[in-house]
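Should a chain be cited, it is by its letter among A, B, C, D, E, F, G and H, assigned in written order, with residues numbered from 1 in that chain.
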Amino acid sequence: MNPDQLRSLIADVAAGTTSPDAALRRLTHFPGEALPFAHLDHHRMLRQGQPEVVFCEGKTVDHVLAVCTRLFEANGSFFGTRAAPEHAEVLRLRFPRLEYNALGRTVHLRLDPAPPPSGRGTILVVTAGTSDLPVSEEACATADALGNRVARLPDVGVAGIHRVLGSQEELRQAAVVIVVAGMEGALPSVVGGLVAAPVIAVPTSVGYGASFGGLAALLGMLNSCAAGVTVVNIDNGFGAAAAASRINQAWEEGGE
Amino acid sequence: MNPDQLRSLIADVAAGTTSPDAALRRLTHFPGEALPFAHLDHHRMLRQGQPEVVFCEGKTVDHVLAVCTRLFEANGSFFGTRAAPEHAEVLRLRFPRLEYNALGRTVHLRLDPAPPPSGRGTILVVTAGTSDLPVSEEACATADALGNRVARLPDVGVAGIHRVLGSQEELRQAAVVIVVAGMEGALPSVVGGLVAAPVIAVPTSVGYGASFGGLAALLGMLNSCAAGVTVVNIDNGFGAAAAASRINQAWEEGGE
Amino acid sequence: MNPDQLRSLIADVAAGTTSPDAALRRLTHFPGEALPFAHLDHHRMLRQGQPEVVFCEGKTVDHVLAVCTRLFEANGSFFGTRAAPEHAEVLRLRFPRLEYNALGRTVHLRLDPAPPPSGRGTILVVTAGTSDLPVSEEACATADALGNRVARLPDVGVAGIHRVLGSQEELRQAAVVIVVAGMEGALPSVVGGLVAAPVIAVPTSVGYGASFGGLAALLGMLNSCAAGVTVVNIDNGFGAAAAASRINQAWEEGGE
Amino acid sequence: MNPDQLRSLIADVAAGTTSPDAALRRLTHFPGEALPFAHLDHHRMLRQGQPEVVFCEGKTVDHVLAVCTRLFEANGSFFGTRAAPEHAEVLRLRFPRLEYNALGRTVHLRLDPAPPPSGRGTILVVTAGTSDLPVSEEACATADALGNRVARLPDVGVAGIHRVLGSQEELRQAAVVIVVAGMEGALPSVVGGLVAAPVIAVPTSVGYGASFGGLAALLGMLNSCAAGVTVVNIDNGFGAAAAASRINQAWEEGGE
Amino acid sequence: MNPDQLRSLIADVAAGTTSPDAALRRLTHFPGEALPFAHLDHHRMLRQGQPEVVFCEGKTVDHVLAVCTRLFEANGSFFGTRAAPEHAEVLRLRFPRLEYNALGRTVHLRLDPAPPPSGRGTILVVTAGTSDLPVSEEACATADALGNRVARLPDVGVAGIHRVLGSQEELRQAAVVIVVAGMEGALPSVVGGLVAAPVIAVPTSVGYGASFGGLAALLGMLNSCAAGVTVVNIDNGFGAAAAASRINQAWEEGGE
Amino acid sequence: MNPDQLRSLIADVAAGTTSPDAALRRLTHFPGEALPFAHLDHHRMLRQGQPEVVFCEGKTVDHVLAVCTRLFEANGSFFGTRAAPEHAEVLRLRFPRLEYNALGRTVHLRLDPAPPPSGRGTILVVTAGTSDLPVSEEACATADALGNRVARLPDVGVAGIHRVLGSQEELRQAAVVIVVAGMEGALPSVVGGLVAAPVIAVPTSVGYGASFGGLAALLGMLNSCAAGVTVVNIDNGFGAAAAASRINQAWEEGGE
Amino acid sequence: MNPDQLRSLIADVAAGTTSPDAALRRLTHFPGEALPFAHLDHHRMLRQGQPEVVFCEGKTVDHVLAVCTRLFEANGSFFGTRAAPEHAEVLRLRFPRLEYNALGRTVHLRLDPAPPPSGRGTILVVTAGTSDLPVSEEACATADALGNRVARLPDVGVAGIHRVLGSQEELRQAAVVIVVAGMEGALPSVVGGLVAAPVIAVPTSVGYGASFGGLAALLGMLNSCAAGVTVVNIDNGFGAAAAASRINQAWEEGGE
Amino acid sequence: MNPDQLRSLIADVAAGTTSPDAALRRLTHFPGEALPFAHLDHHRMLRQGQPEVVFCEGKTVDHVLAVCTRLFEANGSFFGTRAAPEHAEVLRLRFPRLEYNALGRTVHLRLDPAPPPSGRGTILVVTAGTSDLPVSEEACATADALGNRVARLPDVGVAGIHRVLGSQEELRQAAVVIVVAGMEGALPSVVGGLVAAPVIAVPTSVGYGASFGGLAALLGMLNSCAAGVTVVNIDNGFGAAAAASRINQAWEEGGE
């Protein structure tokens, strides 16, 4: 049942050409049909306040261009992750204002004029090692695209614990902390013990041998002895930022 | 929105006290609400033709008795899996007609009078070894409770391949074949190569060492070189029978 | 013992030149020999109603051409999976009527004239995301090649549950439903709760990190809380379609 | 360097008996010593706003009683998880006001008088099946003990998707949603697609066979296709509530 | 087709009441039917020279007694593995000559009079540590029951490599060597480098932590750098002895 | 202690210039030194009757040429596995009689004149599918190079069980059977139930998805319900042949 | 060749009754035989400076008593791990001076009079949580029994990083540091970054869910970003102490 | 708080412009701030006596050159691991004295003049097979760069146990032994039983099939039956050498 059909049905009831019982029968049987596919994106925007994000990996340049163009036409902006340089090049020809985060592999076309960042505070992205930076940058670019203030704290691995401690001021000022780490994945436990804000841990596939593609870091974070740490998938900087944005922006939406 | 509320809304539209637009707005926003929780079981019966099944494991005797009594009052029958002897004992006090399959650990109270089996043909449950019988019996009892004709072919492991070959007549007469096997789980591949009917493979946790609780059999079945074999969870005789029943009984429901 | 030898033996018994006991002894000892290798394909066609399917991956273009030509000469048709564009190109030179499903990587030469689809109803292939489409298309092309009516329902992931609900009409009209999903593999559980038809779940290797090459989706599907869902190997669109075809076509074969 | 030593050092500088350079040298070398062990708990309370929680499992009744008594003397309250009935019994003799959540296995002695709940909104704990309730209750009791308003939404598994949809109103009113599910762990993906609030997923060890003690649910949740879902350890209702409380209560602490 | 039916069929051909063609048709279609179930054990004895072995674990005392009695009546002897003391007690009441290997958990009733051991030479069972002895003894008792000469070489772990080297004489005199080891499973590699005879490695579940129930030993043995080492399942002393017996006894059967 | 030193020591004792006690002390302390490194290959040949085999993978063409040349000079022959076409090309320039098994990737330079095959009987290599042939051919070439008679039985997967049964004559004539299979690895169980000879199972990495690089086949074979089946590493055709050769050739060496 | 045989052989050479060549031949062939089994323990003590340690788990009380008595008679002392209270009770009846570490489950009978501790410095055993103490105590008792000075630093988990930093003085004074931690196993990385001494990490099986019996901690420690951390098996406090003792005591033995 | 701020604070106290109490408060709250980021490397050198090591893998040639140049300027030397030939080429243009270990993939620029090796004795690197040499050479080059005497013992796999025994003299003279082995990883157990020195085991990813990328060797080493063996990550030659250097060099630092 598409919206027009629904509208007709209700109009028919109002007009008396369909009995309430007949209308009831149709509506009871197909509860989901009231939401037609074609209106989905609008509904999602209303439901979650977040536009669709384009996952570019494995998509052709033409496909990505088509999807982004359609999103631009609907929303005046778009955001994509796992974008290769080729994706960015072709998009920039069509959208000269495009921003490409080469390390984080994201493409972003902001609204024009761009609204100021919103949300209660700053999302701080803490990174253990330089090899983890691509994941961190994906998180930073995503959090930025979703309208948040973002700060970075790079290169604070636990084997040099003094670096973490020397950054306590910045850690405490964040509304949400994202911690990105590979290898043993111990950093979120340390950070989680230092701050009161929510901490989202992102294991990375950085490492070799018994890191098993990020499994060691993932398990380490899931077993964190610091209460209040939650975890996302390996290398999922995007997901961490989406969660952080939900936390940071809930307050923009007004009370319940 | 419960059914009464939905009925009221439609009535209000019919009466002109609610405008079509206002009704439309409510219906668009909450597509799922049209199906109220309290009516769920009836809806499920209509939707799938299968009553709810009670999973007894980990439930107290009192809890199982209460649930079964409620189902009996609604449907005149009930069926439960993973029932311990204690469950069966207490249920039999209340329902003397109760059938308890001690090996398969199922409890069944049939409709009175019981309808004849339905479905296109027979569900044949093939078992590799005697240790796999509890899982097979769970499958047999479930298929029976769901209204199917059931046949058994026990003790036909692949290391004595002649036993399988000696049963080709029975294999070919089945509408659906369930194959239950532990250890290396090779039997479904052999059976799948001998029959044209759908084959559902059930790995069991029978074995030790590198069987890893049924993982070896599960992987073997998933990698079967016989096309047309599908697999359910380890020890899940119930699930195999539920799937077999869906296959066998679709024809009862009339055409599309 | 080849068929000629078997024929001779029986003739000798009939002629009295071999005693019944001697014949009995030979037949008891070598039960399998009665089926000679050279007659295998014919026997399989009789036994299962399905011709052999060519798995092209890892085979040279010349090898695939030779096998397909032999099958064409025997059956007037052939079907192959995991075919690279090079395979298709060379086959088309020889068989201009060849159909190549580039996304699903299948090659198909239909009988000429092609028989109409058979089977009780339609096999519906439901797909969670666009990245899962290659597996879905393998399933669609296979189901079609095995003589079934096929329908598609793409892009209905569970995170936008309204899309699934908006398609309930199509879901309910299918004789068999194949559900293809990667990542968390949750879609079959939702679909399994909405339909009464058999549901075959295909996990895909789509995902990254803790998807572990499709393991997450596979485990999710095996643990589905919806009774009646069965599972095939990761990315095995072919196997799902072969099983679905067994279910859909059993009724063509006449009763038992 | 303990606090007294630090105090002496600074006093010596003020008195001129230690040169600034000498003081600098000592302070640079031993940055961590300034925080003496004995002051730890107070510091933690300041740092994170959460008192220590007692993990009772594997501790003797006497040990738990001693620790709780010490915490009561310091804070006027205490909270413990994984408490056996024996733990609760002995604690209640000493603390008659003790609340024991038998299903969630928590012990709680509130402040007297108890302060009203704080935090921006309600933490909603959604549960897939009745077997998952012990984990849900641990989450509920923890969130309550940490000063939050808590609501429950039980028995909304994905195989009966209409139940989830019928609860959209409650889902949308929550400030944070905790989703507890075993087996395939699909519920957080569905919920994550319906709400804008942060969603914390808790896999449970409910299931058998290929659930591998909760691994299937854990992997499913980590691979959720719904952006913004984060995950905690298997059966870790406590950790989910601690994280949810961090999210819900940050706003009580004033701005940055 | 049971033996009587087969006999009838052949007799009918001989008598001329069934035509050779009709007989041929039935025999071609059902190649496996010629081997009736009831003759299976005899056939197996002919085919492999080994009687059936009773796996007692998980079987009731009554069940084991029944099976052993039937085997005794057919063969004058029986052999069982994984027998608990209760099994042995009850069997001994009925069969006073019963031998029970309490460490290896085997029950054996020899033929009376017992034939001398056969086979080309001795099967030597080498054991790494005292905790591995139950598995070794299962192997020894099985090899003995299958008619082989057996020798033991206990307590020769690789961390005291001199013990292995001090036993080279015994190692070289064996026709087949079974090596039983848990923990790191290194002993078969060392032994495999010292002898020319076939070496069968048995990993045991002895160990803790990262031995993962024998997985470490199993993987170690499969990756042995000594060519000519083959492996059986974890704790499968029976299987190793059965394989060793096949090797040792082939020569009894005469040439090809 | 090198051989010259050992010789000197003994000579000194004989000459009376070293006392027996002093000689004893040195020999007791360093039991292993009596075997000098430079004599290793000769010792190994004596100890095990097998020359060293060159594992070519990962070695440069020059390195392989140098090693093979040295072996040729010592033994008049050499044999290598995992040889790429480049390895074979360069070796053939130097050794025109070289045999290169392109499928099995082995290089072999026979003794000239080549001795006739030895051993008690034939090693039969059974292969499940055409994709498994590279591993089978490695086994065949190795068994041949080690001096055994070799026979092949290809393409006898379990889903077409009649093929296996049609080959029982060949199976029964083998002294040792090597069974090579990927996917579910079920063939060794079937073969093990048909023959009395030792059966060595080789899992291959053929498959996809839940075959996990051969793990499914490996576990299937380790859990075989056919007693007397032993297993080697995934894709280890060489190891299976080396073990089979030990079994087949022991009888050449004379009694114990 | 036992020592007497070796002695005879040398004497024969000295006497001229055996030629040097004949002696050489025997010695070359059996290099390992020179070390007879019966002398093993003495040799081990010389070779490694450590007496044998009794692993009591799974041994009967009588067996442990017998072994300890034999060791006492040989060495005047003994040491055992994984000793249950029953073991300790019976041993104390025989050896009233016995020390039983109930938490670490070790039994120790010191030499009388006991020698002072040796080794270069102190072995410091750092423990993350109170649940890890049994493993720590096994390490402490073992290090003590092997003659080292031992110090303890308990309850310094990384979520309260200030506790670690407050203990830097003690950490720096240790000759070897053993770090015992379960859950995420992050503590060794932090400690490894603070000290210059060798650090041995012991993962424990403390935790639940995704700790997978200590696997998470093990992988975390193996992937430690702090160079110079080595790891032992899960819960292997004994092994860590044995390694630490090797490091600490090498200097007692004099130069090379 | 950067060093200048710390200096100011202390100066203010000395000058009386800040009260001791105020200074105390700042210092107590932020114990980590006293260690400013810019001084980190110097602090590390003091703390651990080891300069930072450059992990080149995944870094651009320009990045590596920049980092090495900075280290050279600070320390007059640098050392890097996992360096590709391209890295070495560019570095050599700038630093003609550069040493490149092509097998071990390390780059080293020594101090000029280079100090003599230090430490108590020699670090012996034992290697099982030639394929393990890259890992061994990484260990050798690292141990050398950290100032130790290094010796090599290659090609001593356990299947030719005589080679190990023939090297006992060298094994006993080492202060620390590093054992590098792939496949079954059995060598450290054998070596650990022969020497009294600390043994560090390095599993390598050498192998195929069930070696699972080094997992088999890793598990084997963790389960070693030789007490006193510790383990590092798969292929982590660097980590083993860093740990060995800590052990060997502790004695250079003077007593505690």
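Criterion: contacts are C-beta pairs under 8 Å (C-beta built on N, C-alpha and C of every residue); 3 or more make two chains touch, one makes a residue touch a chain.
All of these numbers come straight from a predicted model, not from anything done at the bench.
Engineer: Which neighbours do subunit G and subunit H have in common?
Structural biologist: A, D, E, F
Engineer: Any idea if subunit B and subunit D meet via the same residues, over half in common, or different ones?
Structural biologist: Result for this pair: different.
Engineer: How many angstrom lie between the centres of subunit F and subunit G, each centre taken as the mean Cα position?
Structural biologist: Between these chains, centre-to-centre, one finds 39 Å.
Engineer: State, to the nearest whole Å, the distance from the C-alpha centre of subunit A to the C-alpha centre of subunit D.
Structural biologist: Taking the average C-alpha coordinate of subunit A and of subunit D, the gap between them is 24 Å.
Engineer: Let me have the rounded angstrom distance from the C-alpha centre of subunit C over to the C-alpha centre of subunit G, please.
Structural biologist: For subunit C versus subunit G, the centre distance works out to 59 Å.
Engineer: If you look at subunit G, which of its residues touch at least two other chains?
Structural biologist: 31-33, 35, 160, 162, 164-165, 193-194, 209-211, 215, 218, 222-223, 227, 233-234
Engineer: Between which chains is there touch?
Structural biologist: Chain pairs that touch: A-B, A-C, A-D, A-G, A-H, B-C, B-D, B-E, B-F, C-D, C-E, C-F, D-G, D-H, E-F, E-G, E-H, F-G, F-H, G-H.
Engineer: Using the touch definition from the top, list the residues of subunit A that touch subunit D in their complex.
Structural biologist: Of all residues in subunit A, those touching subunit D are 31-32, 47-50, 53, 120-122, 162, 165, 173, 175, 193-200, 218, 222-223, 227-234, 238-240, 242-243, 245-247, 250-251, 253, 255-256.
Engineer: Give every residue of subunit C touching subunit F within the complex, in rising order.
Structural biologist: Interface residues on the subunit C side: 30-33, 35-37, 40, 43-44, 58, 203, 205, 213-215, 218, 233-236.
Engineer: Which positions of subunit A touch subunit H when the two form their complex?
Structural biologist: Those residues of subunit A that touch subunit H are 130-131, 160-169, 208-211.
Engineer: Which residues of subunit A touch subunit B in the complex?
Structural biologist: So the residues of subunit A touching subunit B come out as 3, 6-7, 10-11, 13-14, 16, 19-20, 23-24, 27-28, 31-35.
Engineer: Can you tell me which positions in subunit C touch subunit D when the two form their complex?
Structural biologist: It comes out as residues 128-129, 157-161, 164-165, 183-186, 189-190, 192-194, 207, 209-212, 215-217, 219-227.
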